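Note that chain A is present in both complexes that follow, paired respectively with chain B and with chain C.
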Partner chain A sequence: MTLLTHELRLLLRSRMALLALLLVALLAAASVAAGMAEVARQRDVIARIQPKQAQDMAAVAQWAAETKDPGTAAYYSFHATWDTPSPLAFAALGLRDVAPYILRVRALGLEAQLYDGEAFNPELALPGRFDFSFVLVYLTPLFVIALFHDLVSGEREAGRLRMLDALTGSGRSLWRRRVLLRGGLLFLALAAPLTIGAIQSAVPLPTLLSVQGLVALYLAFWIGVTLLVGRMRWSSVANAATLAGIWLVLTLILPTIAHVAINRLIPVGEGVELTLAQREAVNRAWDIPRADTMRAFYAGHPEWKDSPPLTDAFHYKWYFAFHQVGDESVAPKVAAYRNGIEARDTAARGIGWLLPSVGVQAALTRLANTDMAAQLAYQDRIRAFHEKLRNFYYRYLFTDTPFEKDDFDRAPTFVGGA
Partner chain B sequence: MSLTATGQRIILSDVHLSYGSQRVLRGLSLHVDAGEIYALLGGNGAGKSTTMSALLGFARPDSGTILVAGHDPIAQADKARDQIAYVPENVALYEHLTARENAAYLLALAGRHPAPQDIDGAFEATGLQTSAWDKRMGGFSKGMRQKVAIAIALLRAVPVLLLDEPSSGLDPRATADFNRLVHDVARRGAAVLMVTHDLLSAADIADRIGFLESGRIIDEAAAQGADRFDVRDLHRKFAREAVTA
Partner chain C sequence: MNAITLIARDELRLMRRNRVTVIAFALLTLLTLAAALISWSHQSGIAETRARFQAQAAQEFTAQPDRHPHRMVHFGNFIFRPLPLLAAFDPGVDAFTGNSMFLEGHRQNSANFGDVRQSSLLVRFGQLTPAFVLQVIAPLLLVFLGYGAVARERERGTLRQMLVQGVSARALLLGKLLALAIVAALVGLPALAAFLLIAGQPGALAGPMAVMVLGYGAYLALWSIIVILVSALVRRGRDALLALLALWTVLVILLPRVAPDIAAQTHMLPTRLETDIAIQQDLHRLGDAHNPDDPFFTAFRQKVLRHYGVDRIEDLPVNYNGLLAVEGEKLTSRLFDDYAKRSFTVQQAQSRLTDDFGIISPAIALRRLSMAAAGTDLEGHRRFLAQAEAYRYAMVQQLNQLQADTVRYADDKAKDAGADQRKRISADHWQTIPQFRFKPATTGDLVEASLPGLGLLLAWLAFALLALLPVARILQKARA
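Here is the complex of A and B:
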């Protein structure tokens, strides 16, 4: 029987160690299952939106085609966009629980449509999602503490340390073996459910290996912390209390302080403020000469400047033009908002180099494509699609081309991301 | 264990050792030969535990020479410890392992991998009841735990056995059993050094008794004849040591 087998038997005979390992495995499995269920639900919603979208378009086409008015067609037709979850999203849901992953847009001003999703109930988002990243970042350190806080002090308190030290070869190699065994079993308890989930979700191997690497590094960090505290030769109780304090500071207090500090140092308005600003700009168009609006529009879109002049009658091209001018009038604010969000994100990632809990979460959400960058990328895809959509309808609106029923089939379709 | 070599297995020569400003050993000199049982008798604070620590390489002497089976316990810690079986005052083994599992594990830590029948043989030699061999050690008495520890020492077949207050807390019958075991180990050629403050136990078991006071041997008595020691004389020596200490 090898020494490792002896150590394994010794460890597994300890009820507390066995319970801790089983609990980690159970929590990891539950979090993977919960994450996969949430991702499956989101995928299902995304899958259902497409036939519904086709039905909706068919209904709009049915009566809009009667007028052959491209404005009516553009005004009443909503076009679905969606952000397909990545294969790894189950492990770190990130912003997907608060940011919209489906948005139906029209060719009207986009800024007012983009932030409709921010009107969720914040209290519902407060507890966050129970996913693998939560188990890893917040709960796993507690199990590391449970398994490692008395690694040496426990032997000292039991009166075995002197005897163990007196046995040849039992010095460093004994502790190294015990650390590797406990760390290895913890890794296994976390990585096994994750790997099963990843295989079922068709996560690419390099991504899976990266996540497993992160798990190993995070475990190594906390094991290192427990070993450092263990070197102080305090009692097991003192070790556990100190480590619990360190856990509280590193995973809860410091990240919260950092979050507040970043928000203070990099002020960013709410997305809904952009909506209001855009709405104000749009509404002002009703009070100013329509020619002013068209002049402003043609300045930015000279390709349509040869469009027939407006008459006294209502024309949708004016309506769509002032929406676009409204969007353009808030463009500096939109850019500032985005720069602010990106700056906060960059700062948070910087903090991640100092606070492993923040860093691991940031890395996991990056790998899972569920972080702020992914959300902004989805927004970029919506903007690109919206531009195509506008240009599609502009071709009819600004040339007074009748919009036939078949023309709906020529409308651009959104290509899902991720 | 089949050690036949003779010679001095434990040597302490003019050893001085301090903890900070506190001088604990002040010129301690003694030697223990192969097959000999030496009892180091001393009161509290005489330096018994420090002597044990120095022999195990846990405490570094300021000066003097220490050799365990020819090895310096500090400079050649691994080699020296490989030659030592150490039985602490309170033998604490793993309570959730059986006696057999404890023996197999601790021997494996020391680089020994005896066959199961060898472990059984050692347990038999120590007089540990057969029914206890496969029981978890949580409910073992001190005497039973010492028997397991001695069985491990037997299986390691080392030339040096260090015993730290072995008889404290043992009833007379368990003490007699233990003494028989230690004699058995010494008969096989091991040098046995026990530190104790139990004069009668030392007189029962030792071939020589060293009286330790303030970190040095102030007197020594060797067993002679069938009566071995004059216990009254030992008492006088120990009492004098206790008074002067």
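Here is the complex of A and C:
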């Protein structure tokens, strides 16, 4: 113990080491604060829209109730969905700055609504956000390099190496002590702000421990690399330059090359194709016999097939039926589009096993539920909610039940998951 | 031969003899060429896809059968944002914005299917483009090659020797700087070659390209000076390297991330949901189309009847429903424009705040210059959105006018079995609606937009050059 405190005193006497550790702590704390501010803002926005949404619904109900027409009610009622940030979202904002976390849908064709985006400034999204995952993935290795590159070579250059090696009882345990001390302090500088933020955000303990484990593993990887390079017995300068080069390749160059390769090998043109096809299918309904549309609709939804037949007059049930048939006609394209995105995501995760920078980023965004999988899960929740909306309005539409003012309050409401 | 060129030649010879230096340099050259090639093929792939989809959408629009014009208002049109030529060099925000848009009546849809929402997380690690290599990686190479330029002489004691022998510190610094600047020029050469390849394409604009060459040149020169300055000021080579790495991290990696965060928290954007609701409320206030006694629409009806000198809308020579649609679209479009302008004012304030960080980070200043000159910045996206909205409005109003002029009011109201056929007008009309043509920014627009960034960079350069003087004086004293 006294040896360790002695080493600690020695380490902290070096101005650079102290500065580096303080800087890591400062950056980690700032990134946690920035992430928490962003998550708080997103929570505020979600809270803020609720009364506005209710007011909008009431305004529609005000005039649409007079018609008592369920079709009018369904056509004009927009229903809000939202994706509440998880407790850990502050640590890795992931896709939450570019993908919508609020989306309004109505009971019409979903495929024309699901891919709508949120208004955001792309110039702010371009460089990426300043969150804990950024500090960990990009900056931490540089601090590891700063603190470890001269662990042995520094002593050699100071002419103390032979003496240290000759000291009885030191040898390996000396270096182990120094590595553990520097690594431990780095871990503390990173994990302390993170843990404080996590406790304030009510992150479940297993998740927090996983993140801390990830931090420790990533640190261990980079310390391992620096020690390996250190074994080459080069000068401190050569060590530092080599390590910075390795960092450059692993965190900046290889991920960008992998990105191009993945997008090239796995195309996802179906996104645009499916919306074009869906529009074509929906609008074609105006040019074909209405009975054809109804037949196609009842084939998939026999529960409504006893609905009274259409007359010459316009009936909203036909309108909603062709929207649904339009959605169903592009189902294979929808699946292909989604598979393409998932395949890209899976490929990137695979690369994460080779590139620790990518691996840690992927693991963190997964734990924080801010990655592509979380995005797709939100889309699934919207899909399920939309299904409920359809069924709700169909119960009136296909049985010609008048839609009263109270019925507006009976519409399903979205349950925002955390 | 004077002292400066002698020193520069000596330094260059030393670099040439150093295997690591040569390898690093060769790797960067390869990376630049690979980036240029990949980016070029990637961007031309995107351009080709978008052109294909655009042609398909146009074909589908004109291939629609005889229809009621209002059906075409809702069939709408898809448009795709074409890429500017220089996007192959700096794609800017292209991957982060939707690039296709569905245009229809009385709705303003978002631009969808941006790359960022359909790519893996790797897209957030940056994109391998010549711009990325020059902005981020080239300075790092200059750091590696130049950190020891002066510090090494000091460590070995050769610095004092030279000063004693009458070489002025200023000549020494300028000589070392000249050597590093030559390396910087060589680093920029492959990118320049890629750039000239783009310039050979039809439609390339000379003005913005000249600004870009100037900007990237100034940036690399600036880093050369920074490296030499730090190398001269710091006692040991290792400290110089670490200090420069720290500086690079802060200026190139950290600040470009911190600035947008501050901007996003300072100027908050309303969500689309809120904007949509606000527009609905405003519309409701202006006139309630669902209320038969609404004062606004009653006044409109009176005005139309007076204009045509008739008492009943049934007696009008035009279809009243068509006129109503034109009037309604006018109302909503005005609101769309109004809210879009507000949203862009906020976004511009955000971007401006980020740009101001260019005062402390030349990388931010260069990025601003580069995207603005390439036409791939926020303004480039806004240009697309504004033209899309103008096109949407013209298309919808042309269809509404067709409804007023060619569909009889009595047919429009009729609900009998044959009414549907009588409401339809010939598909030939769809041909008369012009296709969307994106008007790219002019040379003047792009150059003007890139000037603030260039100004900042040149100010940085001037400042760094001036800093050489006091540093030379300090170095001179090292003799004593």
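By definition in this document, the second predicted complex is superposed on the first by the 406 of 418 C-alpha atoms of A that agree within 3 Å, B and C clash if a C-alpha of one lies under 4 Å from a C-alpha of the other, contacts with A are read in each partner's own complex, and residues count from 1 in each chain.
Simple rule for what comes next: contacts are C-beta pairs under 8 Å (C-beta built on N, C-alpha and C of every residue); 3 or more make two chains touch, one makes a residue touch a chain.
Keep in mind it's a predicted model, so treat the numbers as computed, not measured.
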item: Touching partner for A:A158 - first (chain B), second (chain C), both, neither; value: first
item: Comparison of chain B and chain C by chain A residues contacted; value: C
item: Touched partner set for A:A240, first chain B, second chain C, both or neither; value: second
item: Touched partner set for A:R129, first chain B, second chain C, both or neither; value: second
item: Contacts of A:A146 with chain B and chain C, given as first, second, both or neither; value: second
item: Shared chain A surface residues [contacts with chain B and with chain C]; value: none
item: Residues of chain A touching chain B in the complex; value: 1-3, 6, 9-10, 13-14, 158-160, 162-170, 174
item: For the chain A and chain C complex, residues of the former touching the latter; value: 16, 27, 34, 37-38, 41, 45, 48-49, 52-53, 55-56, 59, 63-64, 78, 80, 94-95, 97-100, 102-104, 112, 115-130, 134, 138-139, 142, 145-146, 150, 236-238, 240-241, 244-245, 248, 251-253, 255-260, 262-264, 268-269, 271-272, 275-276, 279-280, 283, 286-287, 312-314, 337, 340-341, 344-345, 347-349, 351, 357-358, 361-362, 365, 371-372, 375
item: Chain A-facing residues of chain B, complex; value: 56, 58, 78, 81-82, 84, 86, 88, 90-94, 96-97, 101, 104-106, 108-111, 113
item: Complex interface listing, chain C residues touching chain A; value: 20, 24, 31, 34, 38, 42, 49, 53, 56-57, 60, 64-65, 67-68, 71, 74-76, 78, 92-93, 96-98, 100, 102, 109-128, 132, 136-137, 140, 144, 148, 237-238, 241-242, 245-246, 249, 253-254, 256-258, 260-261, 263-265, 268-277, 280-281, 284, 288, 290-291, 343, 347, 350-351, 354, 371, 377-378, 381, 415-417
